[in-house]
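Common to both upcoming complexes is chain A, partnered first by chain B, then by chain C.
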Partner chain A sequence: MTKSFRIALAGNPNTGKSTLFNLLTGLKQHTGNWAGKTVDLKAGTFTFKTNQYEMIDLPGTYSLFSNSKDEEIARDYIVFEKPDVTLVVLDATALERNMNLALQVMEITDRLIICINLIDEAEKMGIKINEKVLMKRLGVPVIKISARNKSGIPMLLDTIDRVVTGAIQCTPYQMTYDEETEKKIALLLPTVEKISGNKFPARWLSLRLLDGDTNLLQQIQQKITIMEG
Partner chain B sequence: MGAQSAYKQNEVQELFYQAEQLSSSNVRDQIVEQLYKKSNELIKEGVSFTKTKHDQRTEKLDAIFTSPIWGFPIMLIMLGVIFYLTIAGANIPSSMLASFFGWIEGYLTLMFTTLHAPDWLHGVLVLGLYRGTSWVISVMLPPMAIFFPTFALLENYGYLPRVAFNMDRLFKTVGAHGKQSLTMAMGFGCNAAAVMSSRIIESPRERMLAILTNNFVPCNGRWGTLIVLASLFMAAGFTGGMKSLVTTSVIVGIVMFGIIITFLVSWVLSKTALKGVPTHYTLELPPYRKPKFVDTVIRSSLTKSLSVLKRAIKVAAPAGILTWVLANIQVGDTSILLHIVNFLDPLGQMIGLDGYILMAFLIGLPANEIVLPILLMGYLSTGALIDVEGIEDLKQIFLNNGWTWLTALNMMLFSLLHYPCGTTLVNIYKETKSIKWTFWSFMIPTGIAFLVTFLITQIVRFMGWV
Partner chain C sequence: MMTESKKIKLFNGKKGDFIRLTHLDIDGVMRRRLLDLGFVPGAVVEVLRKSPLGDPIAFRVSQTSIALRKEESLRIEGELINP
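Showing the complex of A and B:
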């Protein structure tokens, strides 16, 4: 039986996200529609084993703070469209700078795979990445690939398969912040949980509220009202 | 169901209120700091680096260029060196060009006499339009041909992103975006292009700040004016290398003043009309690279200098003709030009300038390059024709029209601070799609220009320094 799953592709600009997207989806690309939003996202399909996958290429962003329209789009897609798995593509040559995006995505969803791209270039520059350590610390699969050289792709596909079928359970590392921020989160959390239910990441929503982003919770409230009504 | 929603609505409002109370402007800073701390920790555990020589060099250089102690002095010195090279290096080619144009002028005059053209026509067309434009070319072309390539070399070497890095904290303090320093750097070339380059700033608020203040960086159209006036009046008592040095210091001072005004205006705006906190952004510091020397020099001097020059000449001709028409159509017993000049004169005197200078700035709205030639045409059209042989004689024309060092200083400041040129205004409208903000981008600089020159004039006159 064929099942279909949705994969969101997130990452900083210039990390070879599009190369990976093109490699996996080939010519089967179309403009993905997203109900109620006036943005066009590139989407493509591919099959692996018996499953059908739709891959959505989110805009390249450095963070998910809704500094810009692109960041908002990427964030909203992961929060509201709840893809079956989110691939976070990181640049192996600038892993430290890229990592904060992965940490942010991990606050939103527990179904994600970290995909370290440009590994060939990094090795040339003398950067050695121990993905097993990262995997242990982060609690999610970490796969090294080079989309340009098509290396590491079978491993990536297999991991995607095992995450969507539930063979791998991710337990993403959750950021802890400074004491003051944590105290504030704890104050907001009970009420946020009551409103968002178990469908949305309450801790992260509380953090967004502290950062002055009330728009997000309003959207969630509307969504829930619609679902209930 | 309805009742439940209403209850929930209440609760949400309360939650928002609570969140607002708890929220402070440094929450984001804390979040980002923790995220990066964690990233750093992860990398330390999971990644090992065997550094290549190249990386080590970049790191060592960054430790100097972006050092909290040396960063700013180095920036200032770099700026000074660029200006000094520009001014000192431009002297000889400038005078060569000037004598070349003077040589052509001899033939033009000869042609006019053979054709029995009236004296006034010769005066306005040759002594005004031609001489004015050729002065501007001989004064502007050599500096541009030095300034642009030098700047481009620094850019390709990777130094400019470090400038942005150094400036980031200052911009953040005044509520603006660190990338504004990049759009400012662009403004040294052309404000109109810089306004477009402000697209690199994502947040609309900070982008608006960058657009509104970009004009306070003197573009190359104003370099000519600044360099000529600085060397004629500010460095009058010096000769040779010392003269270039004094001129350079004056120009650096003027640029610094513009930067201070930029910070002041950004700060005031971000506290009033454009309230908000600066956003975080990631600035990539590329490795230092040896620039392709010949490639960079040729491309930047050809494309940039020539296109700027073409624009200057294109605008100079119509503006010259307009000035000529204004100077030669009589209404009552004087020309329209004189009517305008007389009308503007009281205002001009108040800010240490005169009616001619204000008129030149008005007609020079399409392009700052032509302000000086228009001014010369204006002075010469009144019959105060004297025989000028070179750039030094330019000073005589100004002195004959009652100039002092105060006039020169005020004209430099007015040129630095006044409204953006026509092209820039059009671009501002295109980028902001707002008549209101385009209007303010005209009014804010103009207001500051009048205020600053007025204050300086009144103080200097009160103290009796002039």
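Showing the complex of A and C:
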């Protein structure tokens, strides 16, 4: 039986996201349009084992705090469209700066895979990455690939398959904030959980409340009204 | 006295200086943006080069070069940690 899953591709600009997208989807690409949004995102399909996958190439961003339209699009897709798995593509030669986005995605969803791309470049520069240690610390699968040299792709596909079918359960590491912030989160959490249920990540929402992101809160309110109406 | 003199605004850094950030006197979206780009307290920033008129200034921060305007670099403070 063929099942269909959606994969979102997130990552900083210039991490080879599109190279990976093109490699996996080949010529089976189209421009998708999402309800209520005048946003065009590149989407493509491929099959692996018996499953059909739709892959969505999100705009390259450093963050998901909606400093810009691109960040808002990427964030909204992960929060509201709830892909079956989100691939966060990181640049192996600049892991420190790329980790910011990965940690943010980990606060939103527990269905993600970290893809360390440009691993060939990094090795040339003498950078060694121990993905097993990263995997243990982050609580999510970490796969080293080179989209350009097509290395690591079978492993990646196999991991995607195992995450969407539930064979792998991720327990993403959650950032601990300073004492004051954590106290406020604890205060908000029960109420937020009551409203958001399992539709939206409650801890992440509480943090956005503390941020004062009113725009996002209005959107959530609309979504909840639609769902209940 | 010595520790006092090591305090420096990013704007006043000279080419080749290494500065460990301590404080950003900026709020809102711009603060968020700078944090996302790696200007976080504790990070070490290198002054790469200054424009002919001293504004903007290019910095090396978490493995990338980023140029900041005077408006921002005047409001980011750190300690000079040159060898």
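Here, the second predicted complex is superposed on the first by the 229 of 229 C-alpha atoms of A that agree within 3 Å, B and C clash if a C-alpha of one lies under 4 Å from a C-alpha of the other, contacts with A are read in each partner's own complex, and residues count from 1 in each chain.
The rule is short, and it goes like this: a residue touches a chain if its C-beta (ideal position, glycine included) is under 8 Å from a C-beta of that chain, and two chains touch if they have at least 3 such contacts.
For clarity, every value in this text was computed on a predicted model and none was experimentally measured.
Q: Taking the superposition as given, does A:Thr93 touch the first partner, chain B, the second, chain C, both, or neither?
A: second
Q: Should A:Asn67 be classified as contacting the first partner (chain B), the second (chain C), both, or neither?
A: Both partners, chain B and chain C.
Q: Counting only touches as set out at the top, which of chain B and chain C does A:Leu209 meet: first, second, both, neither?
A: First partner only.
Q: Which touches a greater number of chain A residues, chain B or chain C?
A: Here the partner covering more residues of chain A is B.
Q: Please work out whether A:Ile129 is in contact with chain B alone, chain C alone, both, or neither, and reply first, second, both or neither.
A: In the superposed model, A:Ile129 contacts chain B only, not chain C.
Q: Using the superposition on A, tell me which residues of chain A are in contact with chain B and, in the other complex, with chain C.
A: The answer is residues 62-63, 65, 67, 94, 96-97, 100 of chain A.
Q: Quick check: in the complex, which residue numbers of chain A touch chain C?
A: Within the complex, chain A contacts chain C at residues 62-63, 65, 67, 93-94, 96-97, 100.
Q: In their shared complex, at which residues does chain B touch chain A?
A: Its residues touching chain A are 1, 5, 8, 11-12, 14-16, 18-20, 22-23, 27-28, 30-32, 34-36, 38-40, 42-43, 45-52, 55, 202-203, 279-282, 284.
Q: Quick one: in the complex, what on chain A touches chain B?
A: Of all residues in chain A, those touching chain B are 12, 62-63, 65, 67-70, 94-97, 99-100, 103-104, 125-131, 133-134, 137-138, 175-178, 180-181, 184, 187-188, 191-192, 194-195, 206-207, 209-212, 214, 217-218, 221, 225, 228-229.
Q: For the complex, give me every residue of chain C touching chain A.
A: Contact set of chain C toward chain A: 29, 32-33, 36-38, 62-64.
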